[in-house]
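Here subunit A shows up in two complexes: once beside subunit B, once beside subunit C.
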Partner chain A sequence: MFFDLDFALKSFPEVLGGVPMTLLVTATSILLGFALGFLIYSLQARKRRWLTALCRLYVSVVRGTPLLVQLYIVYFAVPPLLHTLSQRYGLPLKVADIPPLAYALTAFTINTSAYMSELIRSALSSVEAGQMEAAQSVGMSAWQSYRLIILPQAFVEAIPNIGNMFLGLIKGTSLVYTVKLVEVMARAKVLAAYGLRYIEVYLVASLIYWGLSICFEILFKKLEQVLRVGSRKLKAI
Partner chain B sequence: MTKAENGTDSTVMVTLRGIHKSFADNHVLKGVSLSVNQGEVLVIMGASGSGKTTLLRCINYLERPNEGEITVGGFTVRGGRAPKRDILVLRRKTAMVFQHYNLFANKTALENVLLGQTVARKTPKEQARELSLRLLERVGLADKINAYPSELSGGQQQRVGIARALALNPDVVLFDEPTSALDPELVGEVLDTIKSIAAEGITMIVVTHEMSFAREVASRVLFMDEGAVIEEGEPQEIFTRPREERTKKFLRRISADWDYNI
Partner chain C sequence: MEHFVSVFPYIFSALPLTLFMMLASLLAGAALGLLFALIRIRRLPVLRQGATVLISFIRGTPPLVQLFLVFYGLPKIVELFGLNINNWDKVVFSIITFSFIGGAYYSEMFRSAYQAVPTAQTEAALSVGLTGWSSFYHIILPQTFAILLPLLGNSVTNVLKETSLAFTIGVSDIMGKAQLEIGRTYGVAALQTYLEVSLIYWLICLAVGKGVILLEEIFKKGHTGLA
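Entry: the complex of A and B
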């Protein structure tokens, strides 16, 4: 039999059990990546030449290398480095105890932050300059202007792009099985090897990724609708 | 520290002294000085590129003057490197109505009028709300308080902009070509609103091309060309007997435009 439906159905709940880990890695990297990305953006906006150059280099390197390579570098290069450091300075650090999740999150956060800093820049520049001028003209401080006027508008503009990034990351997390993290893809691989039924299990994994993507696509659409208050149409004239 | 020449020190609201402004190599303002008394409506006219909008934007430091001194309601800020705190104080003594309205796009009409009071001036919410509602009614938008800017026509947006400026109870309201982005049929409603608040004795500086408005409302008209004031006087005087050749030329040109519009 080319396709064993029974095996596929039986493996479904098992693979589905990897979803929490997949979402944990995705959501955490988006949040931490946003914070780091914002930091990079604000350093870049300071207009110190060397700082700007440094940030540009960071963004360029991170965006220009594969995520898998970044994951490997963090996973294989950081432990010996930490080990050496902790020995030299006598830090009470047990490198072997660092969970794989920490490496995965580090790599994904770095990767996301580079894209985020660009996303934040374009979202902020999409808000008309007149909005800032108006805020200043009524006597708001810079912080008040950003908090009340600029950031809410920029965030709405950024939602579709954040959504894209989120969907990309959900699928990108399928790489973390390479650093011994057990999520959807890792579970699928184990099951497939165990039952020698590859097509079935990978099909199940694909459906799960697809399902997740659809859910979050809808979620981000809704979020945008709710937050985009300014362009609400009049119900009755 | 105002000029004592006419003995009306206490009523001088705005004084500019020797304002210079350059954008890179472009010397836009070449030492402009002027003063506006309380309750006066000063209209600034001039060809585009004459520096009139830049001058207006220097008054609330949306443009940083390179040199000179700005005094509004007794508070003085110098050009060059003014401390942020001083700029904030200056801005809280002024209000601006923009050419492209610049209403806060994510806020309703009411919130637009309210925010400057509650956030920047720390007026109690209830008091601010009351004043906002009164002002929106005053500009004829009592039924639009919950509308977002995108749901309003240009004329309505600009009237919200005027209410937003008045809500701050500023020492001077700066109007930057308030009708030039409007469809012709909407210009009237905005000009009428400005006229009626001028009649209340609010100090205003208005950059505009609307000659008939200037003739009717201005206490004084000031002509600028190439970054300097070339002529100033009462509207009747200046429109009927301009002394400077450049003023005459400008007036002829905008009168011609006027004819074409009809």
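Entry: the complex of A and C
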């Protein structure tokens, strides 16, 4: 038989069960990646030459290597590192206790942070310098003008890019089966090998990813629309 | 460290294959992208809706899943037409997948770059007596290309990084050789091997970045802004 619809329908709920894990990895890495990315951005903005060079190198390496390779490096680098640490300082850490989720989140956070630092820079630079001057001229402190004037505007500018990054990460999570984390793709692989029905199961998986992507695309569009409210053009009368 | 040096030639020997996959996918992807862009700019009925759905699907699903779909699905589909492609090289399936992925992204780039060139340019070209084709070829195309150039670097490096997935269907590119080596040595030097792999990818990305900057310098020549 060319296409076993029955098998596809039966495997749908099983593969769908991986969605929470996919979303958990995506959302957590976006948040952690934002924090680390902001740190990198602020270090870079310090204008210390060696710090800037170091941050640039980090961003360049992370952007210049495949996510899959990064995932493998974390997977093979963390255990010996942890082993050495626990031996030297007598910490009660066992390599075998590291959950697969930890590897996935570490790698994805590193990957996201590099792109995020660039995103933060472009979002902040999209706000005109005049906004800062205006805020300070009405007596706001630097922190106030950032919090009340600059950041809200920068955030709206950043939303489309954050959305793209989010969608990219959803797709990227299809790689985490390599570190034995069970999400949509891992479930699909197991089912496909078990029933020897590759097309059916991978089609199901792709439909699930597609659905997720479309949903989040709409969500981010709506979010942008809602937040852009403040920047509506003033009417003359 | 010793291992780091001794494995390097072995992995490095797969570099031509990785570069070949990258270039072939880029070229075929550019052709597909042009086709998709043309369909959408010209608003051809039926084809346009088809292209829109296909592009949405490609952009909304992981490259890995698409690779598996092409690898397992394509032979079965062409089987319906009485063709047997089961013995095709796995590299071909990888290139087909990466070309379609590229095509989906490039078509958007092409379309927006084409539409960013003001219509007045065509009007001006026609008014001085150029034919439709030559106004496109001499006036519109160079400007479109100049707009596209900064985006080119990103798409080349994206394709390069995508090719690292090809080992999952058994292609022995850089990543595939690394996997083989790690399997052969029972994972003793896995970390060093992957670091080597990432070094190679990174260096290619740096080279691509430099290349694009050079191209930009060359193509900026003709462009003088109003200011």
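Rule of thumb we're sticking to: the second predicted complex is superposed on the first by the 229 of 237 C-alpha atoms of A that agree within 3 Å, B and C clash if a C-alpha of one lies under 4 Å from a C-alpha of the other, contacts with A are read in each partner's own complex, and residues count from 1 in each chain.
Keep in mind that, in the parts below, contacts are C-beta pairs under 8 Å (C-beta built on N, C-alpha and C of every residue); 3 or more make two chains touch, one makes a residue touch a chain.
Since this is a predicted model, take the numbers as computed values, not measurements.
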Between subunit B (first) and subunit C (second), which does A:167 come into contact with in this model arrangement: first, second, both, or neither? second
If you stack the two complexes on chain A, which partner ends up touching A:66: first (subunit B), second (subunit C), both, or neither? second
Q. Who does A:10 touch here: subunit B (first), subunit C (second), both, or neither?
A. neither
**Asked** Counting only touches as set out at the top, which of subunit B and subunit C does A:140 meet: first, second, both, neither?
**Response** first
Chosen between subunit B and subunit C, the partner touching more subunit A residues is C
Discussion item. Touch test for A:131: subunit B only (first), subunit C only (second), both, or neither?
Written reply: first
Interface with subunit C, subunit A side, in the complex: residues 2, 60-61, 63-70, 72-73, 76-77, 80, 167, 170-175, 185, 188, 198-199, 202-203, 205-206, 209-210, 212-214, 217
Interface with subunit B, subunit A side, in the complex: residues 128, 130-131, 133-141, 144, 148-149, 152-153, 156, 229-234
Within their complex, subunit C touches subunit A through residues 56-57, 59-66, 68-69, 72-73, 76, 80, 157, 161-162, 164-165, 175, 187, 190-191, 194-195, 197-198, 201-202, 204-206
As the complex stands, subunit B meets subunit A at residues 60, 62, 88, 91-92, 94-96, 98, 100, 102-107, 115-116, 119-121, 147-151, 164, 168
